[in-house]
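Multiple structures follow.
Each of the next two complexes has subunit A plus one other chain: subunit B in the first, subunit C in the second.
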Partner chain A sequence: MTKDRSSGDPSGIDRSRRHVLKAATAIAAVTLAPGWQLIAAAEAKAPGEPVTDKNRWGILVDTTKMDKATCDVAVDACNSEHGLTKSGHPGQDPQWIRRLDIRDPQTGAAHSLPMMCQHCQYPPCADVCPTGASFRRIDGIVLVDKHICIGCRYCMLACPYKARSFAYRDIEDPKPHSPRGRGTVQSCTMCVHRVDVGGIPACVEACNDVAPGSMIFGDLKDPESEIAKRVSEVVVKRVRADLGTDPGVLYLGV
Partner chain B sequence: MNRVVFREVEGRSGSYYALLGGIAVVLLAGLGAAFYIELHGQYVTGMSNQVPWGIPHVFAIFLIVAASGALNVASVGSVFGRIIYKPMARLSGLLAFALMAGGLAILVLDLGRPDRLIVAMTHYNFKSVFVWNINFYMVFFAVIAAYLWAMMDWRLDRYAKPIGFFAFVWRLALTTCTGWVFGLIVARQAWDAAVMAPMFIIMSFAYGTAFFILVLLAAYGWTGRPLGDAVVRRLKNLLAIFVCAALYFTAVQHLTNAYATEHHGVTRFILFEGGVYTAVFWLGQVLLGAVFPLFLLWYPAMAGSRQAIGFACLFVLLGGLSQMYVTIVGGLAYPLILFPGMEVSSSFLDGQVASYVPSLAEILLGIGGIAIAMFMVALVVKFLRVLPLSLADEVADPHHRNPAAKSEEGAEDVAQTPQAA
Partner chain C sequence: MIHALRLLCAVFLALAVSAMNAPPLGAEDGRVPLPNLAKAAKGDACVEPAEVMRREHMDFLKIERDRTMYLGIRDGKYSLNGCIECHATPDPEDPEVRTVEFFCDECHNYAAVRTDCWSCHNPRLVEETPGNAARLPGHSDAGTLIGQLKDHLAKGAPTP
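Let's look at the complex of A and B:
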């Protein structure tokens, strides 16, 4: 090998390689540039562009602006967005988001709030997942990789928020943007398919239509974002803060 | 003490084949149940999003814990140098191997996607206590296999002790991890406790020893090989100590929770208000699973009765299944505390005790795991020299003195060991 290399004309080979690389770079630049510009204009992430830890996506739920009906709007929007249907067996049906009615037994004060995956900074579900199927994206969204989920359901035991469901049945009418499969675990994706193209989660969108300001979605790390400004003004509640999971879903008024 | 001779069981009799056939039927029923669940989807089980682990996990984890404990007899022989246990070390190792295989088979067949076993073997999240367990199980198989080999091949005899020592440490670590499967789950009121790991270890001693005695009594009873009282008496006493220790740990667990106001809810649930779980705890785990076996083992009128010991073992195993049921299903049925001090309700059954009614398929799958273990043992003793030809006192007991010598020493010694005459 060494002999062959030294006996050839290395300078000639290098030059031709350089030409090829230059040409390839030029073609790539010409082809990709308009696409990048378009995406930048839409303020969204390009397909294939990795997420970064410059963002931490979160949701602030203002329960003072929410009633049972508003919560139900959020639940319906989620079910419709992700094609979650009922089978007649409530215990086995998936619920990515649910209306939680809470009441203080000492004072009688009551609230309703939407409860879903809290997209923890330190998610117990991802800690215990044997294959790494449950994982936290670097921008804070906790997901299940349906391709490597073996359906052991250990994450469901570990989640302090009861946020996960198991697909007990075949999925009827699956949505392409919301991959699910029988025998695997599923939960709120914070509508990652929307977020990655600059949108907001379906529940937030639906709630704000009926009760503006009841759910605020945004980047907790962007000081100029509405959510970051709001959480810097008011004391928010993190559900089971004692567990130190540091949820990305925050509550106001409970 | 005479030389211990190991010999395969003949295994040509009709009753041997009937035994194998009977076990095979249960085994196939278990596999059929797993196939049925896989074919239709897990909705045919009694499990739900509230109780995602049910009867199959109860059996699986019970067998895995028992597997670790079944190695006791070998450990006491190899590690602690008790000569009387050494002839039984091979059976102890084989049973540990088989119980582990049975437990893991259930665990795999109960996966939502058992076809993705290869994924579980190639994608590891090393922060997962489940992965720690998987690795402990795999090495456990290898260590037990090496241990058995070293014990059976005289050329490797000198390695038996160090391997036995390693196996002893390894299975303590293994059962610590199995206890951590629950002990590390901070979300669950019933589980989040350091005591889970040592409690699982002590329970493994009890369940494993009970399994071992049962298999030993069956094997020697059915083959007609002599089994002396010295061996049985020691195992019986060992079992009684382990059952007491398991009871102690259970008491410590609940008394600790009963002290802290935060845990009053779950303690009241398990001990008083949990319906089926309370019943299974007091009746299954405590009364039938511990107190009654202790009575059978210790009541003077029955002391030494093989039948009483056999029944005691069966009840200890029943207690083990009860304990796993209360721990796993009871722990899941008790609602998560999302807002401490508040009443919560939802369409997802928040704030409610979840109901779980196991399906027949789940029960068959669980029992099928035991059948896998028993089938392995029954088959292997026919092909490998696992069982000594005799475990009579004069063979097994290093302190045995022949009756003639005893009668020379005086009538008192003979009276103390009338069975030796």
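Let's look at the complex of A and C:
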């Protein structure tokens, strides 16, 4: 059972063919009415408008422009945006973004990247959720509806990216824009509270301050967006592409 | 059934609240003291007439919750952060902080209603005065952090 609330591709069968078909219609739309399409796609949602599947939000992480310190900037920006403080029990502290240090054992080449919720098109966390709390919002952002999360943590086991954390303890003084509470699962929200009012995620903002171009946030479905242009020029990496989750977070240089 | 209960509850409350100006029925009558709701800190009127709010605020909140969660609508009239913005009143123990304890909780305690909202949503607000910028939630701390990191990077960070 899938909890995808947009495309409703329940089977997973014939996915590649559907993609080809979708791509074909998208191109047709662009060429048939270019002016209209561009305007429609480039317009940001007003705060009072519902999200639509005309957008798919994504982040392109250019690891060639990132070092350990830049990754830590992302982590710290996330922690302070969402009030992820240390509880004194390190094993239980939430991690919405974590720094991953990787090394090619044959050449010794090493670098770092930020790992977080990959905002999958086909999120395994949502598939296993017994209450429907884990869901993929129609514009591609994968969230936990904490109001109906029962804290079973199936999603944490299902996530191939180890991107989710559990709130083991009461949370002191949560941020008003990012409520979190004991007994529920939490993860990167792609900063929905900012995106919904036309902003960009805190990590992207912070990283671009210290290392311009290291993270690009934008609408993958808008052919005029910086991210869409970039991913059409360079070959990007989808982490564990073999699983067919189709992440919205894409990497360069890994 | 639930509706009938709710109606009863609401009628009872409406009576109770309207009777508030009369001398309160004290504990000497062996009755629970009436709630003493804090006056809203901001705004002249609620988002709906008070009689409507007393009866239906829980439904408004639940609808708003789902509209924000699933549809990303951020300017809803019945936003919980909106309620807090108007209804949080100064905490006598910490004057920089406003809290909805003396409004929402005051009434709920009286009516034996238990909500879990405050286990995630912050019922306390830090007033925006220049003196306590450091306590403000949001981007202020991120800003200083980034500034520090920038300086650090400019000096050439030692790669740990």
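FYI, the second predicted complex is superposed on the first by the 207 of 254 C-alpha atoms of A that agree within 3 Å, B and C clash if a C-alpha of one lies under 4 Å from a C-alpha of the other, contacts with A are read in each partner's own complex, and residues count from 1 in each chain.
Heads up, the rule we're going with is that a residue touches a chain if its C-beta (ideal position, glycine included) is under 8 Å from a C-beta of that chain, and two chains touch if they have at least 3 such contacts.
Please read all numbers here as calculations on a predicted model, not as lab measurements.
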item: Fit or clash between subunit C and subunit B when superposed on subunit A; value: fit
item: Touched partner set for A:R238, first subunit B, second subunit C, both or neither; value: neither
item: Touching partner for A:R182 - first (subunit B), second (subunit C), both, neither; value: both
item: Which superposed partner A:A206 touches (first subunit B, second subunit C, both, neither); value: second
item: Partner chain in contact with A:S87 - subunit B first, subunit C second, else both or neither; value: first
item: Which of subunit B and subunit C A:D76 touches, first, second, both or neither; value: second
item: First (subunit B), second (subunit C), both or neither touched by A:R137; value: second
item: Subunit B versus subunit C as contact partner of A:C152, first or second or both or neither; value: first
item: Which superposed partner A:I171 touches (first subunit B, second subunit C, both, neither); value: second
item: Closest approach of subunit C to subunit B (Cα atoms, Å); value: 10
item: Residues of subunit A contacting subunit B in one complex and subunit C in the other; value: 170, 182, 184
item: Subunit C partner contacts - residues on subunit A that touch it in the complex; value: 5, 45, 47-51, 67-69, 72-73, 76-77, 80-81, 83, 135, 137, 139, 143, 145-147, 170-171, 173-177, 179-182, 184, 192-193, 195-197, 202, 206, 209-210
item: Residues of subunit B touching subunit A in the complex; value: 41-43, 45, 47-50, 52-53, 111-114, 116-117, 119-120, 123-125, 127-131, 134, 181, 184-188, 332, 336-339, 341-350, 354-355
item: Residue ranges of subunit A touching subunit B (in the complex, touch as defined); value: 87, 89-95, 98-105, 115, 124, 126-133, 148-154, 156-162, 164-170, 182-185, 239-240, 243, 254
item: Residue ranges of subunit C touching subunit A (in the complex, touch as defined); value: 65, 67, 69-76, 81, 84, 116, 119-122, 124-125, 137-139, 141-142, 145-146, 149-150, 152-153, 157, 159-160
